[in-house]
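Before anything else, here is the set of structures, which you'll find just below.
Look for subunit A in each of the two complexes below; its partner is subunit B in the first and subunit C in the second.
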Partner chain A sequence: MSNQPVCWPATRNTTAWLVWVLATAALALTIRNPLYITLIVLATWLVHVQVARNTPAAANWSGLVRLGLTIWLIAIPFSALMNHQGETVLFRLPESWPLLGGPITAESVAAGAASGYSLWALLLVFATFNLAVDAAVMIQAMPAFLSQAGVITTIALTFIPRMVQDTREIREAQRIRGHRFRSWRDSVPLAMPLLTTAFEHAIQLAESIESRGLSARTMDLSARRTRLVRGALALALLALLAGLVVRLVGPPLLGNALVAGAALVLMGAFYDLERHARRTRFVHQVWTRADKAIVAISVGALAVGLGTAWARPDLTGYAPVDAASLLPAFSLVPGIAVTLLALPGLLGALGANTAPTGSEAPQ
Partner chain B sequence: MISLQDVTYRYPDALSPALNHIDLNLEAGSFTLVSGVSGSGKTTLLRLLNGLVPHFSGGVFSGTIRVAGLDPVREGPGRMSRRVGVVFQDPESQFVVDSVEAELALAMEHQGLSRTEMGVRITQVLRQLEIVPLRQRRIGTLSGGEKQRVALAAALTLQPQVLVLDEPTSQLDPQSAAQVLDALARLNHELGITVVLSEHRLERILPFIDQLIFLPGDGTLRQGTPRQLLAEVDLSSPLVTLAKCQGWSPIPLSVEEARRWVPSREPEPSVSVRTVQPKAIDSEPAEMSIQGLAYTYGENRALSDLSLQIHRGEMVALMGPNGSGKTTLLKLLAGLLKPSAGKVYLRGRDTQRLDLEEVIQTVGLVPQNPNALLFADTVAEELAFTRQSHGMDSGCPAGLLETLGISRLLTTYPRDLSVGERQRVALAAILVAEPEIILLDEPTRGVDWAQKEAFMAYLASERAHGHTVLFATHDVELVAQCADRIVLLEGGRCVADGAVREVMFAWPQYCSQIGRLYRDGHTLTPQDVREASR
Partner chain C sequence: MKVRIGWTHLILLLATLVGLLAFLYPFFAGVVPQAGTLPSGAHPQSPLLALTVILLCLAAILATLATGAMNARMVAILGVLTAANAVLRAVPGPAGFAAVFTLPVLCGYAYGATFGFLLGALSLLASAMIGGGIGPWLPYQMMALGWVGMTSGWLPRMDRYPRLEALVLALWSLLWGFGFGAVMNIWFWPYIMQPQQSAMYWSPGAGLLETLKRYGVFYVTTSLWWDAARAIGNGLLTWLMAVPVLRLLRRFQRRFFFVWDRSIEQASTTDPSPPDVR
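Presenting the complex of A and B:
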């Protein structure tokens, strides 16, 4: 175990976090009812507050609020101008204006606000996840047969802060030479060094990766087996695409059969690749009871939410077409389900830094 | 361990070979320095040892090469990684993940080692390099020296028989450089790892090596013991220069070895303690004046309560460990950053009330990284751009190009130049606007001794013209040769400010080789010794 105290939740099981973010994001995408979205926002906020205790510099709640307001500034006028349904007319635009012309209604403004709210909730969910799980740690948790892709993704992620730093250095260096930005031509002294520097960094990193053996083959597969797996993967992807197209334009049963068959072949190919991957992992994830509870609650909340959306679309949806339906409907069971998504935050508040670590490395 | 026979290598499109019919033999367990002027083929030779040349660079190779029993040209760098560990100049360019432990495990994970084996090896290398406390740290929070030792550790986890290092200490302060070199010496002595490295600052590395390779720049090389080769070739540190002048034989490679020729002397009482106080702010009008200056990056305080005065014609060296605030101070003086607290005055005027355009009419800052400046197709266009941006004609001040030795490069694409040449072009790209106050950030990083001497000549000519120069550097020999005064920063605070001799003898880790040898409170350079003996 680590020599230094390890803080919750940075080391909580990555898979548990992944399940939580997928469930919460899926519900934020599916549900339009502002009351349930508010519960999702509150649950996520509690998690965010707990996560931010360990990374106060990275947590920027005011920035998220500003982002939400910006989304509203775009979503509300967009809905009001493009959707003219509703009985409560606020004002009218000339009918001769293409697309925009017609009544601007309170219902379309409310629908725009609800859409923006859902979108903001989604961003908040991912911002919290981003704060909780280190991208490199998540990539490390990828299946072994995808290790090359993991290295490439990690490099891409580390390149972003480096490019930001390079941009600042270059801008300062050119300003001291008297450079001023007056037209697009003045971008050359900034863009050229940035491009060439990024290219040089890429070459240096590639040399380092090559010299450390990180680009070596990670599969113990014969050439014949490799060709077979590649062929199966290509066929499965084609079948998946064909299945999705058939579902839209042809008999759904055939489409579903193609998608299911493709999924089976893909799973088989991935299993085979994983079995023959030579790459090992130094850090193994540990499943605590809390991690299992997070997974169970997330899956449960998702099932209840999707079930409600299927059985009672009037509860999860929000489509105000008259003043009487401006107030959204509400039912207790889906409300409790989405509220339980706050579990990672509640566990943090209760156990904070004494919680067991979610990963383990031999010393 | 390393054997090259009749090796010739030419880069694609190059007119002449970088390495021309060279032979080389290095025994297992040797510690070898590859030295020579910029562009002489040092990096090419090092990269040949793990197959990066020609696998990455292309070009034409001929001859026979064996490293740790393998042919790197046939095997390639990936397969050679188990036998040859490589550490590059810039540690940040070789890290893939942001955690020390994960970075150390990465190569082993790709080789399919068991978790237990990985754990054992990580613990071993951390102990060998004495960086156990860094295990759980994020790489972004490490100092330059710590990063370089982590890069070294990452190379060692695959248990290579040969370590190849390309200027591993060029970006480090003297203490961090000493830590890295001590670690290398331990690996060499205790584990018998063959070490081959390049380094411009001979004074740092000579005490550790038993083999020296000199590349004169014509594609050939000479190999021998350091004492033998130093006596024959034009390659020297201040101590070697002094030894050659005084006729000391055998040539001493370290200060300790040279003491037999210098009368034993107790350190001056006044120099054994850190007595130098920040220089009092006097009433003489200053070119630049700083009062109670502070600067913070987010929550990190880079500078605290700093007060200084810099007078016309002074040549001030800004020294201190990596991260002590030197670059931040230069940016504040140039008006690129606004102080969090305190004031910066340029000829009595508060720079916060001046536009940057007004500041740069008087102040020129040459950044640490010349690549941040260079964008044009030719050197001439780079120089013209600065002058036009300052509202000047495109002509160049007389003598500038000759002094900097770049007059023959005017039509060259700047990015095709060597590190030292780029550095001088970047210098010219700022100085062409004729600033009266010149700020330089690590001006001799990656520059060979000959280029450094040309640079020192240039600084002397600037001083002769009454210009004020403030430069941040880790190069104590450069400071001993040409600065008037040292401002020493630690943790964002000024801990010493005084004449070069005062500060160097009070802070031995910032003292020149000759200063550490004589310990007389006066002698810092070979010239000082010569003058004293007249």
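Presenting the complex of A and C:
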């Protein structure tokens, strides 16, 4: 596997992808300024094009992008009709019309376009991520303490094609018997055999799991330690609840301390479970220089973006109230920072696919 | 369902309370809403705090399962039902209707709150993985659909009156069809504001009644028609499927959830009667 030329981006480190998507999505959520959003869209689009080139499923994901585009186009008239803020009046609707009545302004159209644009950018970011990392790799990347959820999801993903096949066979068998599917009422004769078959499959699966001695227990925990971990989880959730309430009605410092303490206990419990998890890995992900660069650039861009949003909200926000404020502000440093999010796409375009074994190395 | 009631249920209940507070937190925290359609701008910590808290709650629930709360049979049946629900969600219906509530409601009612929560939450995870629906909305969706299954497990038993049972569950699905949409709007509604449209957007300082009134206007204007298709579709499907599916779930219940009692096995060395299955 490692001797063959590998196909970009299937070999890119999943954690690097996760960091990239979290940073890009957080910026798309935080920034409203359409100029910066355009840079995020262009950066993501470059990555998307590189990813889609090597993924047969690209056509499916482009549907999500088109859906985002439709939502964007809907957001503009919605904002224009519902939000009457601004000085540049394009036309007026009768004041007597509930909610819709009033002036339709260029500022409200621009605000709607900017809002829909951010949403579309967010969808594009996640469409690219969904395309780049397949379900099996995502499940592998799940922490070991969530392995039960991972196993259930794996079973579900494995059974879906089988259920589709079962549906086809049951429908064929019903047709041979003379049953005709004319309305939604006819779905019962299809659904019941399908569910029964699914349950029989589940029993066979459970029996094969047990007969191989695998059981469903994935932790090497003594009874005492199990009780301790569960107690810690319950206590942490209770502290989290108390912390959130105290933050609202009591001294914020105490509330923050409780929330932080609860988060620490939860992380400690997760870490303990992670340590005791029995997990066999046949492949391990390797960190290449490119992966490390993607992580560093993503974290840096996020820090610059959030820092700018905190220090200069006028730069990252966009709320036009008159003709002068229709043109968004711009500064070079955050612009460069968000543009650097195109790095995974640039690496792909430059042929980083053959770089020092980005592949998963058998252990 | 007879599965480790103590800790699992306690953690599920606590996580639900924390999750509910995280959904409603912006109303109490007095977040200044921003112009736009998504959480943004000067208070990025509030939506991030809510999202982090929801993620921690989901992680705590799923981590509890890894401590031995589930056996192989439960893992298998959850996996298969999750697949069935993900397939049902992918089948397109009129006006955006997707039959995503029927199985969590029926399975939650038949097999209990924990099972219902897990089926709801994990079927959305699986569905998002096959449909490319992973995004910041996913943890909220998982939590909300988990609540659909969980609360169905709290409904009173009506085994003796199958028609009444089907009717109540259908109404329950119908209510959750609207409730799910209403809950899902809350993850972004407190953070958005359209100036001069205060009739449908929340602002800090608005009282409970005023907030409900504004949210009602927002919901009717933006979500009601989509939710109506989903609610009516799921209600009808649950009404149609409830009796045969519940019969099937109960038939398989004994095969899936029996627990081998060693004390009875030991007793059987002196008493030759067969071991009890419960």
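We adopt the following convention: the second predicted complex is superposed on the first by the 265 of 363 C-alpha atoms of A that agree within 3 Å, B and C clash if a C-alpha of one lies under 4 Å from a C-alpha of the other, contacts with A are read in each partner's own complex, and residues count from 1 in each chain.
The definition used in the following text is that a residue touches a chain if its C-beta (ideal position, glycine included) is under 8 Å from a C-beta of that chain, and two chains touch if they have at least 3 such contacts.
Owing to the predicted nature of the structure, the values given are computational and were not obtained by experimental measurement.
*Asks:* Contact-wise, after the overlay, does A:Pro313 reach subunit B, subunit C, both or neither (first, second, both, neither)?
*Replies:* After superposing on A, A:Pro313 lies in contact with subunit C but is clear of subunit B.
*Asks:* Given the touch rule stated above, what does A:Leu237 touch, subunit B (first), subunit C (second), both, or neither?
*Replies:* Once the two structures are laid over each other on A, A:Leu237 reaches subunit C alone.
*Asks:* Once the structures are superposed on A, label A:Ile170 by its partner contacts, choosing first (subunit B), second (subunit C), both or neither.
*Replies:* first
*Asks:* For the three-chain arrangement built by superposition, which of subunit B and subunit C touches the greater number of subunit A residues?
*Replies:* Comparing subunit B with subunit C, the partner touching more subunit A residues is C.
*Asks:* Examine A:His284 and indicate which partner it touches, taking first as subunit B and second as subunit C; both and neither are also allowed.
*Replies:* A:His284: touches subunit B, not subunit C.
*Asks:* Now for A:Ser118: first (subunit B), second (subunit C), both, or neither, which partner does it touch?
*Replies:* second
*Asks:* Could you look at A:Gly178 and tell me whether it touches subunit B, subunit C, both or neither (first, second, both, neither)?
*Replies:* In the superposition, A:Gly178 contacts subunit B only.
*Asks:* So in the superposed three-chain picture, is A:Leu273 touching just subunit B, just subunit C, both, or none of them (first/second/both/neither)?
*Replies:* Touch status of A:Leu273: second partner only.
*Asks:* For A:Thr196 in the superposed arrangement: first (subunit B), second (subunit C), both or neither?
*Replies:* So A:Thr196 meets both subunit B and subunit C here.
*Asks:* Regarding the shared-chain residue A:Gly300, is it in contact with subunit B (first), subunit C (second), both, or neither?
*Replies:* neither
*Asks:* Where on subunit A do subunit B and subunit C both make contact?
*Replies:* After superposing on chain A, subunit A residues 147, 151, 154-155, 158, 162, 188, 192, 196, 201, 205-206, 209-210, 214-216, 218 contact both subunit B and subunit C.
*Asks:* Which positions of subunit A touch subunit B when the two form their complex?
*Replies:* It is residues 2-4, 6, 57, 134, 136-137, 140, 147, 151, 154-155, 158, 162, 166, 169-170, 172-180, 188-189, 192-193, 196-197, 200-201, 204-216, 218, 278-284, 361-363 of subunit A that touch subunit B.
*Asks:* Which of the residues in subunit B end up touching subunit A in this complex?
*Replies:* Against subunit A, the touching part of subunit B is residues 50, 52, 55-56, 76-82, 84, 86, 88, 90, 92-99, 101-102, 105-116, 118-119, 122-123, 133, 135-136, 154-155, 158, 298-299, 331, 334, 336, 356-357, 360, 364-365, 367, 369, 371-375, 385-386, 389-391, 415, 429-430, 433.
*Asks:* Quick check on the complex: what are the subunit C residues that touch subunit A?
*Replies:* 7, 10-11, 14-15, 17-18, 21-22, 25, 28-29, 34-42, 44, 47-48, 53, 56-57, 59-60, 62-68, 70-84, 86-87, 118, 122-123, 125-126, 129-130, 132-136, 194-197, 199-200, 217, 221, 236-237, 240-241, 244-245, 248, 252, 255-256
*Asks:* If you look only at subunit A, which of its residues touch subunit C in the complex?
*Replies:* Result: residues 25-26, 29-32, 60-61, 64, 75, 79, 82-85, 99, 102, 111, 114-116, 118-119, 122-123, 126-127, 129-131, 135, 138-139, 145-149, 151-160, 162-164, 167, 184-185, 187-188, 191-192, 194-196, 198-199, 201-203, 205-206, 209-210, 214-219, 221, 226-227, 229-231, 233-234, 236-238, 240-241, 244-245, 247-248, 263, 266, 269-270, 273, 277, 306, 309, 313, 316-319 of subunit A touch subunit C.
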